[in-house]
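Structure incoming, see below.
By letter and in written order, the chains are A, B and C; residue numbering begins at 1 in each of them.
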C-alpha cells in the first residue's frame, strides 16, 4: 500500500480534527441525553480516524490496530452502555401514558450555565487552547502537531461539561470527552503512547463508566432523580 | 500665505466678542449675537483645520501669556483634523443654538450660559493646537469648566441637572488628575515640557516609565471619550445639558479624548509594546458592546444617544488600538489604515451624532419630553425634524448608504486583513474584535429603529406629543448644515483621503496612501477591496424607483390609494396605548442579555381585603440600572462616605483642637526634617 | 466592460426576480408532497402575486412614508444584492465592488426598513414583529461577519468575486475544516435572515410565534405583493450566495456565452436542490421558542469563530 500524499493526509487529518472538536461543541449544544450520547459516539469515530490516518501515512500497522480498538470502544461499547443506562432511567410507559411520562430524566433541563453562554465559553476555551498550544506546536511543526490545540480544547470543554451539567449521565459524557481529548492530544503530539498504556487507560475508562452507570441507577432509586446537586443531601 | 495663524486669531477674537455679547446684549438679541460669534469661531477653526489638513504647519510661542510656562501652540495635520471637526460642529451647532435658546432669559439663554458658549467653542478648537504640557492642561481645564457651566445652565429648573453636574465635575477632574500626573511624569523624565522636548526625550525613557505614562494618560483620555468603566458621567451629563451643548460635547469634546491618546501614544511616545494596544482594544470593545446594550435599554432619547456615543468612541478606540498593534509588529501601512479608519469613524460620528442630538433637542423643545414611551407621531407634526433624525440615524446604524457604514467597513477591512501580522494575540483578538463590531452594529440597528420608529412613527402617546410643532428656521438651518455634512461624508468620502493620510503620518504612521480614489470611491492600496458609495446610492435609487413604479404599471386599473382602518382583531379601533413602546421594543433584547444587564424587577400584588385569592391591584416595576455604576461606583462611593463620616470625628468643633492640629503638624514636620536631615 | 458581463448582471437580476416565486412554489410543493398533500403547484406564488398586484392599493389610516416605501425598498435592496453577488459570473462590470460586507449590510437595510414599517403602523402586532425581527437581526450579525472573515482569509479579500473565483481554482479550500465550519455557520445565519424554521415560521399567523408576518400584517394588495416578492427574493439570493460560496462549480469565470449558459443552468439546479433540502428539513423540524433562538445563533457564532481560528492555525504557514 502506498502512503497517502501529504496534501490529502493533511486535509483528511484536519477534517477529522474538525469533526472531533465539532462533536464536543454539539454536546454542549444539545439538551436531550440521547442526542448527547449519539454525538459522543460520532466523536469516537472521529477520534479513531486520527490514529488511523497517522498510521496510514506513516505506515505503522500498530497504530491502525489501536485505531480499531479505540473505534470499537469509544464509538461502540461506551455509547451502548450509556444508552442502556439511559433506558433504565426512563422507563418507556405504555402508549396511552405517552404524554404523562416524566421526560425530565432524559434531558439536561437546567444546566448551571445556560446553553448560549456555554457555547460562548467553549469559543473562549478553544481560543485559550490555541494560545497555550503555540509553544508546543512550534516544537515540531507538522500537520499533526498543528492540530494539537483541538485535543486541548476538547479537554477543556470536557472539564467545562463536568463542572456545569446536572444530570449524572451528562457528567459521564463530560468525563469521557476529557478522556477523548487526552487521547487525541497524545496521538497528535507524539503519534500515540505505547500500546500497553493505551490498553490500560481504555480499561480504566471502561471500568469508570461501569461504576458510574451503577452509581447513576442507585442514585435514581435513592433520590428519584439523577440531578447531582441532590448529592448535597448526603452531606448532613 | 499661511492662513492658520490669522484664522486662529480670528477665532479667538470672535470668541471674545461672543463672550462680551453674552454679557452685554439684552435678552432679545443675545442668542443671535452669541450664535453668530460662536459660528464665526467655529468657521475660523474649520478654516484653520482644513488648511492644516492640506499640509500647512504653523507654530507660535507666547511666553508672556501664561506665567512661568508661557503658551506654546503648534498645528500639524493631526491637530488640524480635530480642529476642523470641532470647528465644523461648533459652527453648525451655534446656528442651531440661536433658535434653540430663543429669546428667553433663563436656563440655556441666561447671560452666563450664553457668555460661556463661545469660550467652550474656542477651547474645543484650540486644545488640539496646544504644543506644551502646560498649555494643553490649561486649555483642557478651561474646556472642562466651560462645559461644566453649560451642563449646569438649567440647574434652577431641574434637580437632576445638579446631580449630573456633580458627577461630571468629579469625573472630569479625576481625569484631569490622571492627565496631570502622567504628563508631569513624562515631562520630568523627558527633560522639558514642550511637545518637541517630550518627543525627543521619549526614546531615552525606561520601558517602565513609558508604560506608567501611557496607562495613566490613556485612562484620563479614555474617561473623556466615555470608555467603560470611566463612562459614568456621560449618560448623566449629556441628557441634562441643553441640547446644543450636548451636541457639542458628544460630537466634539469626546473626540479630544481620542486626540490625546493618538497624540501621546503614537506621536509623543512613538508607539509602544503590544500589551498597551491590546488593553486599549479591550477597553474599546467593552465600551462598544456595553454602551450599545445600555442604549438598547434606554427609553430616554438623549440618554440613548449618550450611550451610543460611548459605543462609537469604543469602536474608534478599537481602531486606534489595532493601529498600535499593527505598528508594534512592524506593519506600518496596515497600522495607518486602521488609524485612518478610526479617525474617519470619529468624523462620521461627529456629523451624525451632532445632528441626532440637535434633532432630539428639537423634540425636547417642542414637547418637553425625552421619554420615548410618551412620544410618537412626530413625523406628521415635525416632518423636517423627523426626516433629519432619520438621516442621522441612517449614519448611526452603519448601513449603506449612511456615512457610518463607510468607516465601519474600513475598520473591518483593516481588522480582517490584520491576520497577516504574525502572533497568537492578533489571531485571537482580531476575530473577537470583528465580532464585537458586528454585534454593536447589529444592536445599533435595533437601537435606532427603536428611536425612530417609537419616537417619530405611529401615533402620539401623550398630550405634549400631540401638540408638538415644527422648530424655528434657525434650528432647521443648523441641522441642515449637519445633514449636508452627513450626506457629503456618505457620498464622497474619498475627498478626505489625502487629509486623513497626512493626519496619520503626522501621528508617525507613514503608510503611504491608506485610502485613495479621488472622491467617488474608496479603494484601498494595501488590501484588495473597494467600495463605491455613490454608485450604491444610484443603484439603490434606481431600483427603488423601478420597484415602486412597476406595480402601478402592472396593475391593470390605475386607482388612487384608498384609506382603510387598521386591523383591530374585531375589537374596536386600536388606541395609541396599544402600540409598542420603547420599553416593550427592548424587552426581547433585555431577556437575551439578562446575564449582562441584570435587570431588577418587582411585582407587588395587593389582594382584596376579604379574600387572598381576589386581586385588587398588581404593581409591576422593572428597572435596568447601569450595572457598572451599580457594582463599581456605588460601593466605592459608600466606602468614601464612610471614610468621610469617620473623618468627621476629627473635627469636634473645639477651637483648641483645631489649633492643636496645626501645632502638632508643625512639630511633627520639624521632627521629621530633623531626623531625616 | 463586456457584453457578457452586462448580460450576466441583467440575467442575475431577472433570474432572481422571476425565479424567486417559483422557488417558493417549488419548496411548498416539495413540502406538500412529503406531508402527503397534493400541493398547489409550483406556479401558485406567481398567481398570488398577480392577484395581489391587481387589487386596489390601500393605506391603513395613521401610517406614514416609512410604511409606504418599505416594500419597494426591500425589493430594491435585494435586487441590488442580486446584481452584486456572483451568482452566474465572476467577471461582471460590478464584480470589483461586490463586497461581502456591503452585501450583508444591504440585506440588513431591507430588514431595518420593514421593521420601521412595522412600528409605523402603530399596532401592537407591528411593534411586536419589529422588535423580534431586530433582536434576531442584531444577534445574527456577528455570525455573518465572522463567517465573512473566515471566507476572506484564503482569498485575501472580502470581494465576493475573488472568493468565488479562488474557490473554483482551488476546490480543496472548500473541503477544509475552515470552509465547512464557515458554510455551516452561514447556513444557520441564512435561516435566521430569511425567517425560516427553526427561527421563524413563514406559514404561521399565531400571535405568539409570528415574527416576520407580524411586522407585515397591515400590508395588502400591491404592497403585500412586493413584500412577499422581497422575502422570496431574499431567500433566493441567500441560497444562491450559499451555493456560490460552497459549491461554486459552474459559475462562469471568463466572459464567454457558453459559460454563461452553463452557469445559468447550474444556478437553477443548485438553488432548486438547496430549496428542496431546506423544505424537506422543515418538514421534520419544529420552530424553536424565540428565546431559544440565541442559543442557535451562539452555536453558529461559535462555528464561525472556529472557522477563523482553524483556518489560521491549521493553514500551515
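Rule of thumb we're sticking to: a contact is a pair of C-beta atoms (placed from the backbone, for glycine too) under 8 Å apart; a residue touches a chain by one contact, two chains touch by 3 or more.
On a predicted model such as this, the values are computed, not experimentally measured, just so you know.
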(request) Average the C-alpha coordinates of each chain, average all protein C-alpha coordinates together, and give the chain whose average is closest to the overall one. (result) B
(request) If you tally contacting C-beta pairs, which comes out ahead, A-B or A-C? Let me know. (result) A-C
(request) Could you grab the centroid distance between chain A and chain C? Build each centroid from C-alpha atoms only and quote it in angstrom. (result) 36
(request) Please compute the C-alpha centroid of chain A, do the same for chain B, then give the distance between them in whole Å. (result) 49
(request) Pull out every residue in chain A that's touching 2 or more other chains. (result) 114, 117, 127, 130
(message) Where in chain B do residues touch at least two different other chains?
(response) 427-428, 432
(message) Can you list every residue of chain C that touches 2 or more other chains, as numbers and ranges?
(response) 294, 301, 305, 309, 313
(request) Please name which positions on chain A make contact with chain C in the complex. (result) 7, 10-11, 14-15, 17-18, 21-22, 25, 29, 114-117, 119-120, 122-123, 126-127, 130, 137, 141, 143, 146-147, 149
(message) With touch defined as at the start, can you tell me which chain B residues reach chain C in the complex?
(response) 376, 379-380, 397-400, 405, 409, 412-413, 416-417, 419, 427-428, 431-432, 434-439, 441-443, 445-446, 449-450, 452-454, 457-459, 521, 527-532, 535-536, 539-540, 543-544, 546-548, 551-552, 554-557, 559, 561-567, 574, 576, 578-580, 584-589, 591-592
(message) Under the definition above, what is the set of chain C residues touching chain B in their complex?
(response) 53-62, 64-66, 69, 71-73, 75-77, 79-80, 83, 96-97, 99, 101-102, 105-106, 108-109, 111-112, 115-116, 118-128, 130-132, 134-135, 137-142, 144-146, 148-149, 152-153, 156-159, 162, 217-218, 220, 222, 225-226, 290-291, 294, 301, 305, 308-309, 312-313
(request) Sort out for me which residues of chain A touch chain B in the complex. (result) 114, 117, 127, 130-131, 134
(message) Give the list of chain B residues in touch with chain A in this complex.
(response) 424, 427-428, 432, 595
